[in-house]
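Each of the next two complexes has chain A plus one more chain, namely chain B in the first and chain C in the second.
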Partner chain A sequence: MTTPTVTVRPPPWRNVRVLSWVFQLVVFAVVAVVFLWLYGNYEENVARTGIPTNFDFLDNPTSFEIPGNDFSQTQPVRDVLVEGFLNTLRVSVVGIVLATILGTLIGIGRLSRNWVVRRISTVYVEVVRNVPLLIILTFIFLGVVLQALPTIQEAWTPGGVAVLSNRGIGVPWYEGGSGFQLLLLAVIGLVGWWAIARWRRGVSGRTGEPSRAGLYGGGFFLAVTIGGWFAFGFGVTTPVVAGRQIAGGMRIDPSYFALLVALVVYTASHIAEIVRGSIQAVPRGQEEAARALALSPSQRMWNVVLPQAMRIAIPPLGNQYLNLIKNSSLGAGFAYFELTNVTRVTVGNGSPAVPAFTLALAIYVGLSLLTSVLVNIANRRFILVER
Partner chain B sequence: MRQPGFRWVTLLLAVVLVLAACTGDDDAVDTTAGSETTAVGDTTAAPVGGPAGESLATVVANDVVRCGTRDALPGFAVLTPEGDHEGFDSDFCRVIAAAVLGDATKVEHIDLETADRFTALQAGQIDVLVRNTTWTAQRDGAEGATFLATTFYDGQGMMVASDSGFASVADMDGVIVCVATGTTTEGNASAEAARLGLDWEVRPFDDVELIQAAFIAGQCDGWSSDVSQLTGLRSVYPDGPEALTILPEVFSKEPLGPAVRDGDTQWAQVVNWAILATIQAEEFGITSANVDDMLTSEDVRIQQFLGQEVEGEEGTAVLDPGLGLPTDFAYQVVSQVGNYGEIFERHLAPLGLERGLNELWLNGGLLYSPPYR
Partner chain C sequence: MTTSAAPRPAAVWVKRNLFRSPFDAVLTVVFGLLAVYVTFQLVRFVFVTARWEIIGTNLKLLMVGNWTMIHLPRIAIAMIILAVWGGSIGGLIHARQVRRGTSTLAEMSLPTRTGDLVRRFGILIATVLLLLLLTTTPGPWLMAAGAVVGAVLGRVIGGVLGRLHYPRPVAVPGALVFAAIPIAMYFYLIDAVPLAEWEGFLFNIFAAMAGIILCFPLGVLLALGRRSKMKLLRLMSTAYIEIVRGSPLFVLLLLANVSLEFFVPSSIAPSKPVRAIVTFTLFTAAYLAEIVRGGLQSIPRGQVEAARSLGLSPVTQLSRIVLPQALRNVIPAQIGQFISLFKDTTLAGLGLGILDMLAVSEAITQQPDFRGQGLIIETLAFTAFLFWVGSFTMSRESQRLERKLGVGTR
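Up next is the complex of A and B:
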C-alpha cells in the first residue's frame, strides 16, 4: 500500500526552476552557435575569395565627387563618409523640425471644430499614412521636382530674389563674414533672450504686470542680429541663373528637396495621429477648468492642453524621429549623397562591401541611439511631476 | 541562500556548453581559413589549396549555369515579354552552358542590380557574372572576382540632346552629368572633368529609367556611360534615337567580360575557354550554319577544335586539353549559339555599333584567342 509522500523537492526534470534555466541555457547556446556558424562562414568565404576585411580602404582616394560641394576626388574615403553622414544629418534635423510642426498642426486640425479643416486633416492622414514612403518619394521626384518645376532655361524667378528650377531652388543667403560670427550673434541673441525672458517673468510674478517676455526678448534678439549684421559686414546674395547653373544665393539640391518633402509629408501624417491621440488623452477636466477660467479657445489649446499632450507624445514622437532618420536612406536612389548612397558609391568604386556597410550600420546605430538619448532627456525634463 | 549558488552553477554550465560548441567550430574555421589564405595569398599556388572544381561540380550537379545578368540594357541583356533574356551578354551565358552542359538553354538568368553584382558572386548566388562589368584592378583584387577573356572592349562616352549645341566634351562647362550608381562611371566622369578643367556636377541615379526621366525633364545636360550602353539606350529613347547625340570622345578603357569567384581556377579556365571558342571559331570561319560541314574539314586544327578524331603519333585520338570541358564543347557552342561575329551581328550591330576594337586581331581588332592545341 502506498501513501502519498510529501517530497521536499521535485526531481530536476520536473522542477520549474531547473527547467526554466535549462530552457534559457538552450536558447542562449543556440543563438551563440548560429552566430558563430554565420561568422565562421563569413570568415571562410572571405579567406577563400581574398576580400579584405579591414578598414584600410578608409585611406584610399574616393575617386568621385559630391555635387554642390567642394569635395575633391583625391580625398580619402573617410572624408566622404563624414560628408555623407553630415548630409544624412542635414536632411534629418530639418526634416524632424518641419515634420513636427506640420504634424502638430494637422493633429490639432483633426480635432478642429471647423468641418473643412477637420476633413482635410483626416483625408491627409488617411491617404499619406497608407502609402509607402518610396512611392511618395518617387512621386515627388518624378512628378513635382522634374515635371512641375521649370527647366533651368525657363527658370521661374519670383521677384528676382529666388530661382525655381528642376536643377535646384536658389534662395537668398548671407555672404561675407564667417560662420563663427554668425554663430556668435545667434548665441548672444538667444542667451540674451533667455535672460530677459527670465527677468520679465520675475517682474511679472512680483508685480502682476504682463511679462511681455517674447516682446522684450525677441526685440533684443533682433537688435543683436541686425546690429551684428552691419558691424561684421554681412551682406545678402540673391541667386541668379548663370548658364546652366544657379549662381549666388544658396542652392537647394533638387534631390535634397524631394527627399525632405517626402520625409516631412510622410512623417507628419504619423506625428499628426500621435498628437491627436495625446490631446485626447489629456483629461477633459483640464479643458473644462481652462474654460471656467474664461481662457480663449486658442489659449486653452496652446497653454493648457497642448503642453500636457506633448508630455504624452514625446516617447512615440521619438520613434517617428528614429524612423525619419533611417528612412532618409531612401534618398540613395535619387542622387542624394546621404550616408547610404555614399557607402554604395564608394563600394562601387572599389571599397570592400562588408566593412563599408558595417561602418554605415554602426553610424546609423550610433545616430539612432543618440536620438533616443536626446528624446529620453526631453522626456525626463517634461515628465509630469506628481505633487 | 540556495538561489545564488544555483545561478552560478548554471552560468558555469552555460559557459562550458558554449565553449564546447565554439571550439568545435573554431577549429574547423581556423584550418580551412588558414590553408585557403595561403592559397589566395600566393596566387601561383592557387589550385593546390583552393576548392578547385567546386563551381564546375555545382554547375554539373545543378545541370544549369546560374548567370548574373540584367533585365533592361538593349543589345546586351533584355528581359523579353516571354520571360526569356535576349542580348549579347545573355548569349555568352548560353555559350558557357553549351560548352559545359552541352545545352545552351540550361541557363538561369539572374537579374542583379549594379551595386549588388559582386556581392551575389561572392555569396555564390551565381556561378558567373556576365553583366557589362568592367575589368579593373580593384575589382580583381578587392571584390574577390576573377575577370576572364574580355567579350567587349568598351569606353565611357557622353550623350547629349542633339539640340543642346554641344559638339565636344570640352564644350561642356558648368553642366550636370547623370550616371548610374555603383559603377566606375562616377569616378571616370569626375576624373575627366578634372583633367579638362571643367566644372561638372555628377549625379548618380539608381536605374536608367530615373536617369532618362531626369534627362528628359532637363535636369541633366549629359548622360555618361559606356558607349555601348549609350547606343543601346539611345535606340529606345522615347523621342527617337536622332534626338540624342553621342559625342566623339571616349574617356576611359572599359573592357567588359565575365567574372567568376576568386580561388576556383578550374571553373575560371572553363568559362574562359568557352568564351575564347567563339573567337577562335570566327577566326577559323566556322559559323552556326557551316559547323556541320566543318566537321569534315581538311584543316586538322579545325577538326581538333571541333572535337573530331585526328591522326596523331599513336593512332587517331580526340584532343582533350584537360580543361574539364567535354571534348566537343566548341562544336556545341558554335552550333547552338554561334561564333563571336554572329553574336555581335545578332545583338549589337542592329543598335548601330561598329566592330571597332571588337574585331579579330587579323582585322586590326583586339580579339585574340590563344591556340587550341
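Up next is the complex of A and C:
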C-alpha cells in the first residue's frame, strides 16, 4: 500500500530556493554596483590625468638603484620587482627559520623547571608580544644599528672573523664554488642522512641492535659536505675593513639586519606562546610513560613531547609564518628594498600607482595562499603519519 | 629521605628550581648573569643615563599632537563624561548580575574589591600617575580627578538605575540615548578640532576603538556569509576574507594613501585619519569574521534545532539564540584582535604620514633643542612603554574573562 505523496509546489515568492537566489543576486548586484561605481571613477580620473591603466610600465627602465646590488638603472621595472620579491623571500625564509628556533626554545623555557629560565622566558614573551612591531623595528634600526654600532672607521672586529659597523655587518662566507654546488651538497647530504637513518632504524627494529641513526646519518652528511667542500674548491673568506668599505666575507645590509632581527624577535614571542600551548596540550600520560621508560628529561622533551606538540602547533605556526611574510613589508620604511619598497619607489618614479600596487598585493596574496597550502599539506601529512 | 636534619625549605627550593642537575646549574648561572646584567643596564638607563626631559617637554605633542591649546578642556570634559558613562555601564551590568544571582562581587568587601581592582589595573594606574607627574599644568590633574569621581558616581547611578524595572517604551529610547553618548562626545570634539588634526596617542587610541566598533557589522555579516548555504554569498565572503587576510596592512595603507583619489570623486576624498580608519575597519573585519565564525561553530547544533522547533523565524533564531552565545564565546579573541589593531595603528604614521604617537616620538628628536643627541632611544622607550601598558592590561583582562566565561571548559 503506498501513500500518494502530494508535492505542492509553493508559489515563487514563497519558495525558499527561489528566495535565497533572489537574495543572493540582490547582494551581488549591490556589490557589483559599488565596484562599477569605483571602477567608473577610476576610468574617468585616469583618462583625465592620462595615467596608463595597463601593465606596460613593467618594460620601462627602472631609473633607480638598489644599494649593494649590481642592478643597473636601465633594466626594466619587471626585473626590479623580481629583485624586490627575492628580497622579501630572503628576509622571510631566514626569519621564519630563526624565529621558529628561538620561539621553540623560549616556549620550552616557559615550562622549564628552572626558575631563572622560566622567569626570563615569561618576561620576554610578555614584554615583546605587547609592543608594536613597528616600534621594535624602529628601535633596532634607529637606536641600535645606526646609533649603537660604531662607524666603519672604528668598526668592531670580534675575533677578526666578523665586522660590525653601522654601514654594514660582515660575516665569514664561502668563496670559490657556486651557490648551486653548495645547495647540491646540502641536499645530497640531507637526503642521505634521512635514508641512512631510516635504514638504521629498520635494522634496529629487526635485530634489536642500537640504531645509532644520528651517528651514521650525521657522519654521512659531514663526509659529503666536507668532501664536496674540497672537491669543488670551496674556501672561507673573512671580512675585513678596507678603507670605508667591508671587503671579503659577506656584507649584511644594516636595514636587512634590522628588519630580520625585529621580525625574529617579535615573531618568536608569538611562536613561544604557540609552542607552550601545544606542549601543554599533549596528554600528561605521554610524559609519564616516557618517564616510566627511564628516558632522560631531554629525551622526554625532544623525542616524546615535542614531536606531538609540533603536530598540534602546525596550523597556528603557519599563521605566524604568514604574518612574518606580511610584516616584512615594514622594511619599506627602513630602506630595505623588498617588494613593497620597490613598488613604492617605482610608483614614485612614474609607474602608475593602481596597477603597480595591485600587482604587489596579488603577489602577497599568492604567497599567502601558497604558504597556507604548504601548511595544510604539512598538517595532513603529520596527522596521517601519527595516527 | 632518611636525612636526620631536614634541609631548610629555602635550600630545598633552590635545589629543586635552580640546581637540579649540572646542566641546570649551568643554565641558572648563565641566564642569571644575563638577567642581572640586563636589569642593571636597564635600571641604569632609566634612572641615571636617560635624558627624560625630551619627554617632559613634548608630553602634550606625544599625547594629543598639535591639538589647539584652547580646545584642550574639551578633551577633559569628554573624558569625564565618558568616565561617568563607563562607570554606569559597570553599575548596570552589576545590577543585572545581582538580579540574576550571578554576581561574584556581592560577597566581596569593599577593601577586597579595591585590592582586586588595584591588582588588575595597578600598572595602568601607576602609568597614569607617572604621566600626571610629568605634566607641568594643573589641567590633566583636574581631568584625572574628575574622571575618577565621575566613574565612581556613574557606578553608583548605574547600580541604582539598574535595579529598577523599565517598561519597553522607556527602555528602548533610554538605551539608544545611552549608546549615543560616545558618538555625541565625538561630535563635541570634532566641532572644535576636525578629525584630520587628531594626532599623537589620541589618534592611536581613537583609531583602534573606531576600527574595532565599525568593523563589527561587516565582520559578523562576512562570518554569516561564509557559513551560509547560499553559494554565491559564501563565495563572495570567502573571497573577501582570504584576500584581505593575505594582504599586508601596510600595503593596504599605502594603497589608501596614493590611489584612493582614483576611485572616489575628489570632492568626497576623505582626510588621512578617515582613510586610516576605513582601512583598519575593512582589514579587521576579515579577521573578526574568522573569529565570529569560530564562535558560530562552537554553538551546539541542538540550540538551532530547539529554536526551530519553537517556531522561531530564521532571523530570530540568529539574533536571539545563536549570535548572543557565539559572540559571547569569542569575547577574549575579540579583545586579542583589538590589541593587535591597537598596535597596528602605529603603521598609519609610516603608511599615511599621520602624526601618530610613534611618528611624533621620531619627529621630536629633530627639534633644535634635542637634535643629534641620540635621544630616539628615550622617546621610543616611552612610546613602547605606553603601548605595552595598554596591551598588557587588556590581554590580562581577556585571560581573566576567558577563565570567567569558561570558554572551552563547558
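What we mean here is this: the second predicted complex is superposed on the first by the 357 of 387 C-alpha atoms of A that agree within 3 Å, B and C clash if a C-alpha of one lies under 4 Å from a C-alpha of the other, contacts with A are read in each partner's own complex, and residues count from 1 in each chain.
Everything that follows uses one rule, which is that a residue touches a chain if its C-beta (ideal position, glycine included) is under 8 Å from a C-beta of that chain, and two chains touch if they have at least 3 such contacts.
Because the structure is a prediction, the values reported are computed rather than measured.
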Using the touch definition from the top, say if A:147 reaches chain B (first), chain C (second), both or neither. both
Mind working out whether A:25 is in touch with chain B, chain C, both or neither, as first, second, both or neither? both
For A:353, using the defined touch cut-off, is the partner it touches chain B, chain C, both, or neither? Pick first, second, both or neither. both
Scan A:73 for contacts with chain B and chain C and give back first, second, both or neither. first
Kindly classify A:365 by the partners it touches after superposition: chain B alone (first), chain C alone (second), both, or neither? second
Answer with first, second, both or neither: which of chain B and chain C does A:333 touch in the superposed model? both
Which superposed partner A:236 touches (first chain B, second chain C, both, neither): neither
If you stack the two complexes on chain A, which partner ends up touching A:289: first (chain B), second (chain C), both, or neither? neither
So, does A:161 touch the first partner chain B, the second partner chain C, both, or neither? neither
Chain B and chain C footprints on chain A meet at residues 21, 25, 28, 45-46, 142, 147, 332-333, 344, 347, 353
Residues of chain A that touch chain B when the two form their complex: 17, 21, 25, 28-29, 32-33, 36-37, 40, 43-52, 57, 63-65, 67-68, 73, 141-142, 145-147, 151-153, 166-167, 242-245, 254-255, 332-335, 341, 344-345, 347-353
Looking at the complex, which residues from chain C come into contact with chain A? 16-18, 20-21, 24, 27-28, 31-32, 34-35, 229-233, 236, 242-243, 245-252, 254-255, 258-259, 261-265, 339, 343-344, 346-347, 350, 358, 362, 374, 376-377, 380-381, 383-384, 387-388, 391-392, 395
Quick check on the complex: what are the chain B residues that touch chain A? 6, 10, 13-14, 17-18, 21-22, 25-26, 28-29, 32-33, 36-37, 40-41, 50-51, 114-115, 118-119, 122-124, 136, 138-139, 141-144, 173-176, 178, 181-184, 186-187, 190-191, 194, 201-207, 210, 213-214, 217-219, 221, 261-263
Chain A residues within the chain C interface of the complex: 20-21, 23-25, 27-28, 31, 38-39, 41-42, 45-46, 112-117, 119-120, 126-127, 129-136, 138-139, 142-143, 147, 297, 322, 326-327, 329-330, 332-333, 340, 343-344, 347, 353-354, 357, 360-361, 364-369
